[in-house]
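The two complexes that follow have chain A in common; it is paired with chain B in the first and with chain C in the second.
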Partner chain A sequence: MKKPRIGLVNRREMKGYLFLLPWLVGFVCFFAVPLVQSVWYSMHDVKVTANGLKLSWAGWENYRYIFQSDTVFIEQLSGFFADAILRLAVILVFSLVIAMMLNQPIRGKGVFRTLFFLPIIVVSGPVLERLVSEGATTVPLIETYGVNGIIEAVLPPMMARPLSGLFSQLILVLWYCGVPILIYMTGLQKIDGTIYEASMIDGANGWISFWKITLPALRPMILINGVYTLVFLATTGLNEVMATINDRMFRTGEQGGGYGIASAMAWVYAICLGIALLALMLLTKERKARQVAIQKSREQVELERLHAQRARGMKRRGGKRHGR
Partner chain B sequence: MRKNRFNPSRFHMNQIPMYLVLVPLAVFMAVPIVFIINHAFKPIEELFAFPPRFLVEHPVLDNFTRLARQASAGGISISRYIFNSLIATVSVVLLSMVISSMAAFALSKLRLRAKGVLMEINNLAMMFVPIAVIIPRYLLVDGLGMINTYFAHILPLVAMPVGMFLVKQFTDQVPDSLIEAAVVDGASYFTVYRRIILPMIKPALATVAILAFQSVWNNTETSTMYTNKESMRTLTFYMNTLASTTNTVAGQGMAAASSLIMFLPNLILFILCQSRVMNTMAHSGIK
Partner chain C sequence: MKKLLSMAMAMLMLLALVPALAEESGLPPMTTENITLTVAHWGQAEAGEPEVIEALITQFEEAYPNINVEFVSIDQATWDQGLTNLASEGKLPDVFWVFNVPNAVANEWALDITYYMENDPDAKELYPAMVSASKIGGKNYSYPAVMFPHMMFMNVTLFEQYNVELPPVDWTWDDYFELADELSHPEEYNFGVSNPLYTDLFPAAYNGNQGKFGWDGEKYNFDEVWIEAVEKRAEVINNKICEWMTEEEKETVLGDPAAWPPGKGRSAMHIDWPWTQAMFKTTVPQETGCEFVFYPLPLGDGMGELALVDNGVISASTAYPREAWELAKWMSWGPMAALKRQETYRSLGYPVSRMPVVSTPEVWQDLVENAEEDTKPFFEGVMNRGVNFVPSNWPIAPGWGTLETYYNTNDIDGKILRGEISAADVAGELQAVADQAVTDHLATLLGE
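So, the complex of A and B:
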C-alpha cells in the first residue's frame, strides 16, 4: 500500500506511536502478556492452591494428553470445523443476498434494515442461551417432516451430520447474519452507480454485472465478514469446544484436566482457527496482475460475443434499435 | 435486480418477489424479541406448560413484583448495582471507541515499523479463546492492586481485538489522497484523525459501540473474578444470582423478568445507534 510520505520520518513516527500508545498498553497488559503466560502454563502441570499457583514442568505432556487420551476434545474440534465451514458459507451468501436486497429502492426499507440488524443484540449475551434451551431456535417443520432423516439416509454420515446440524439450527445461523449484512451494505453503498450504467450500455445484464462489478468490489468486505463470522462462531458461548475447555479448567489432575491442559487445548484450538483464517485470506486475496490480465481478456471476449449477439438481434428485427 | 435503478417503469413489479422473501425472513429475525417480551409476562403455569407456548395468554406482572421483593430483601440496594454497571458500561464503550480508532488510524495510515507485527498479534489475540487467559489476567489485576475497583471492570475490556480489527479494515479504505491533501494544507496528525478519519469510519465505530456495550453489559466475569465485595459487583451479576439462587420454580419466572430488564438497554442503544449507522453509511463520502 502506498503511504503519504511526509517530511521528517522519524519525528512523525514518534507521533504515530503516540496515537497507538493507549491501545498498546491495554492490549499488551490484558491480551499479549496473558497469551504468553498461557503458553508457559500449557507446558506445566498447574495446581491452584491458596498461596497462588503451583507449577511443575510437564513439557509436551499436556499436548500429548489432548491428542492421545482426552475422550472428546479432538472429536469436538473436527466437528466444529465441519460445522463452521458450512455455516460460514450459508451466512456469507445469505447476508450478501439480504444486503443487496436492502440496497434496492423498495418501500419500508428502514423497517427491514432495523429488523435484520436486531439479532446482533440477541446473539451475544445470556438471552441467547435461554432461547436455545427453550428450543426457540429450531424450526419445528424441519423436525416433523423428517428433513434430517432424508439427509442422513442419502448422504454419508461424515457430510450428513454437519448438514442436519445446520438445518436444525437454521434460525440461529440466520441470526448471526446481523453484522455481516451491515458490513456488506457499507460496501455496496460505496460502489459507484455509474459503473453499472456503463456496463449496461456495453450490454451486460444484471447477472454479469453482479459477478464482474459487485463481487470484486465487495472482496475486502467478504474477507472482513469471513474473519468476523469465523471468530464469532468460534468464541460464542454456545460452542462445544469452548464448553469443554472451560470444563477442563476446573477439574483436578485425576479426572483428566487442570489449567495446564485447558491452556494447551486453547492453543490447539487457536492454531487450528489460525490455519482456517489463513486459508480464508488466501481465498479472498486480490489476484495477481497476470491473472487479472487473463481475466480482462476473457471479459473482452465475452463483451465482443455480446456485441455480436446484439448486432445479430438488430439485424433480425430489420435494423430497429432496441437498446438505449 | 440492478435494472431497477434505470428502469422506473418496471420498479413496482420487481418489488413483489422481494417482499415475498424479505417479509418472512424479517418475521424470523423478530422472533427472539417477541419471545423475550412474552416470556417475562407469563404466569408460572404457562412458563412450565407442555408443549411450551410461544405467546403469553394471560399476561401478569407476577414475575416483576417477585423480582422487586427479592431485590429489596437483599443487603445492598439495587441502585448501587445499577450505578456500578453504568460506570463500567459508559467508560468501556467510550474508551474502546476512542482507543481503537486512534490505534487503527496509526496502524493503517501512518509510517510505523512494527505495524505488521502488531496487527498479526492482534489477529492472534482475536482468535484466542478468551476464557483461557482468565488466570493470567486475574494475577495481573491482582498484581496491579485493582481488585475491588472500577478499573477491574473497565480495563480488561477496553482493548477489544475484534473491534480493533473492524475499525482498522474500515480505516484502510479511507483514500490516502484525502489525507495527503489535508497534510499539504497544513493539518497535523490529530486534525487528520479528528476531521477526516473519524467522520469517515462512523459506521464502524457505531458497530464497535454496540459490540463493546454488549461485551461489558452482559459481562459477569469481571464481577466473579476481580471483585469479592458485594458493593462492587454489577447489575448483570446480581440479576444472574437472583435468578439462580432462589428456588427453581419461582426462579424461572424471575429469570424471565430479569432477562427482559437486562435486554431493554440493549434494544434502546441499538435503535439509537442503528439509525446513526444508516445515516452515516448513506452520506459518507467514501467512494
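So, the complex of A and C:
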C-alpha cells in the first residue's frame, strides 16, 4: 500500500500552520475562554465578591448605560478615532520615507536602522509613561511659537483638538514608526532591482518609479502597517479609552462600573476598531480587474509617451554628433 | 449521688464562668487552634511604615502565639485592582484597608462588624463619631484605622510683626475670625488665613457628629451651619482676609506664578494636615525666616473636628471573624496598636503623622510627652479639650459620588463666591439631591 503523498502546496500550507501554531495554542489556552466570558459578562451585572463571582442578568442594560448614561466613554471613543486617523497617516508616510532612505546603499546603515528601531523598545515599557509625564515627548518649539493656539483659533474644535494633540505628541508618534519601518524595508528589499533598471531605460525618473513601481509593490505592506499601527494605537497604555475601561472594571455602585460595564465597553471598542480595520482594508485593497486594466492601459500610454520622448532625444543627440 | 451532685456543681460553676469570661472581653473567646490570618495595609513606601507593621505583627503574635499573621503586599497605586484580583481568586486578606467603603460593601467584601463595634470594650475608646458617622444603612462595615487630623499652622513671625498675641489652644472659631481680621494686611500681601475649608469643618465643629456637607451616618444636612460655612468662605476671600492670590499677583510679589503663598510665609493661620508639618519645620523657615507652631483647630459649640481617616474592613469570607476583628484592632485602631506605632516611629526618629482614632488618655499623653515644642500645643489641645473627632465621610458615606459631582459640576462654591447665587437659596435643592443620592445608593448597595 502506498503512503499518501503530501503535495507541494499542502506542504507549504502545513509550514504556514506550523508558524501559526504557537499563536493558536496561546489563543486557545489563554484567550478564547476570556473572550467568550467577556461577551457573557457584558450582559450581566458582575460582582467580584469575597466568595467569588456573582452574576445577575442585565441584558442590553450595560450597553444602554454606555450610550445613554456614561459621561465620558463615547466622547473618548470618538476622540480616539479622530486622533488615530491623523496619527496613522503621519506614521505610515514618515516610516515609508525613512525606510526608503535606510534602504539606500549608505555607510553605517545598520547603525541607522538600529537607531530608528530602538524607540519601539522604550515605548513598549512603563518608561514611556514616565517620559510622557516629564514632557519628554513634546516639541517645546510648538508651544513656544503658539502653534496649538493658531490651530485652535483657525480650525473648529472638532478638527483642532486631534491636530493639536498630534503636534503636542509628535515625537511620541514618530517613535511608533520602528516596526512599520522594518516592514516597509522588507517590502522594499523584495522589489526586483531589474524593474527599476528597465523603467530607467524606458526613461522613468525616481518620482515616476516611486509611483509606478515602489508604491504598488508596497501596497500589502501598507495594509500590514496600517493594521499594526491602528491596533498598536488602540492598545497602548497611554490610550484614554483603554484606561477608562480598565478604571471601570474596578468601580462599583454609584460610580458606574464593574466587570459587566467594562466588558460591554471593551466590546463596543472592539467592534468600532473592527469597522476601522475593515475600512482600512477596503482602502488599500487591490483594484478590480477592470480598474487594473484601465490603469495598465494608462501606464502603457505613459510608457509609449516616454518611449517617443526618448526616441526624439536620441535623434537630437545623434544629429548633433553627426554634425560634429 | 454525691458524685452526681459534685459534677452538677462543677457544671454550674463552669456555666457561671462562661458569661463572666464573655463579659470581661464582651466578645466570644479567641480560638486556641493554630491558625493563620492575613492582613493588608497601604503606606508601605512611607518611611517607618514597614517597621511599624513588623512591630505590630510581632506584638499581636506575642499576645496570641497560636495565630500566625501574614502581611499581604498590594501595590498602593492599583489597590482596588489588587483587591479585585485577590477576591476573584478567593484570596482576600482577612483584614484589609479600603479607599472606598461603599464599594467594598457593594462587592460584598466587607463583613458587618456592628456586633463587634457594640460589644468590644476597647471600641468604646474610639471617638463616638468615628462609629456613628461611618454607618451604612445603620450598620458598621468598616473600622477607622488611623487618622490625619487637620492642624492650624500658626505663623508666629506674622503674629509678632503685627503685635498680635497667639491664642490659647482652647480657642474658638470666633477667635479665629477675629484674629484673621487683625492679621490681614492685603496691601502687604500678608493674609490672616488660608485654605478656608469651612464647609468641611463647620458641621463637625457646630453640629458635633457630622462630616462634610453634614453627613451624620444617615443623611447629609445642608442646614444653617453649611450656609454659614459657605458664606464665611466667600466673605474671607472677597475681603482679602484669606489668601487667594492670582497668578499675576504671585508672579509680581513672589516671583513665580505657581508659588504657594502659605509656604512663602504669607498666611498667619493656615489649615493643613500632619504630613505637611515637616516642610514647615525645615524648608519654609529656611526660605522665609518665618517661625511656625502647630495648633489644633478652633472649637465650635458641637466640639467636633473633622479628620481624614483611613478605613479598614474585615473580609466577608474570613473563616475567623472574631480573630480577624482582634487582629484589626491590634494592627491599627486599638490603643495598644497606637502606642506601638508611636514608639516605633520615635525609635526610628520619624514624626508621627498617622494619629490614633481612640481618645485613650495614655495614648495622647504619650504623644504630648514626646512632642517637639512646636507641636506640643496641638497635642495638648487635642488631649485637654475633649474633642470628638469626626471621620472624613467621602470614603464612607453613600451617595457621596453623586452629590460631589453635582456640587462641583454646578460650581456651587464658585457661584456663591461670585455672588451669583445665595447659599440659602440653593440649600434646599442640594438637600433634595443629597437625599435622593443616598436613597439610590443604598438601594443598590443593600437592596433597600
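To be clear about the criterion, the second predicted complex is superposed on the first by the 282 of 324 C-alpha atoms of A that agree within 3 Å, B and C clash if a C-alpha of one lies under 4 Å from a C-alpha of the other, contacts with A are read in each partner's own complex, and residues count from 1 in each chain.
In this section, a contact is a pair of C-beta atoms (placed from the backbone, for glycine too) under 8 Å apart; a residue touches a chain by one contact, two chains touch by 3 or more.
This is a predicted model, so every value here is computed, not measured.
Contacts of A:Lys47 after superposition: chain C is touched, whereas chain B is not reached.
When chain B and chain C are set side by side, the one touching more residues of chain A is B.
Looking at the shared chain after the overlay, A:Gly59 reaches neither chain B nor chain C. In the superposed model, A:Arg251 lies in contact with chain C only, and not with chain B. In the superposition on chain A, A:Pro156 makes contact with neither chain B nor chain C. Shared interface residues of chain A (contacting chain B in one complex, chain C in the other): 48, 53, 246, 249. Contact residues of chain C toward chain A in the complex are 80-81, 84, 87-88, 90, 92, 102-103, 106-109, 315-317, 398-402, 437, 440-441, 444-445.
Of all residues in chain A, those touching chain C in their complex are 47-54, 246, 249-255.
Put simply, chain B touches chain A in their complex at residues 1-6, 11, 14-15, 18-19, 21-22, 25-26, 28-33, 35-36, 39, 52, 54, 98-100, 102-103, 105-107, 109-113, 118, 121-137, 139-140, 155-156, 158-159, 161-162, 164-166, 169-170, 172-173, 176, 179-180, 183, 189, 193, 203, 207, 210-211, 214-215, 217-218, 236, 240, 255-256, 259, 262-263, 266-267, 270-271, 274, 277-278, 281-282, 286-287.
Those residues of chain A lying in contact with chain B across their complex are 1-6, 9, 12-13, 15-17, 19-20, 22-24, 26-27, 29-35, 37-38, 41, 46, 48, 53, 98, 100-101, 104-107, 110-122, 124-128, 130-131, 134-136, 171, 174-175, 179, 182-183, 185-186, 189-190, 192-193, 196-197, 200, 206, 209-210, 220, 223-224, 227-228, 231, 234-235, 242, 245-246, 249, 259, 262-263, 265-267, 269-270, 273-274, 277.
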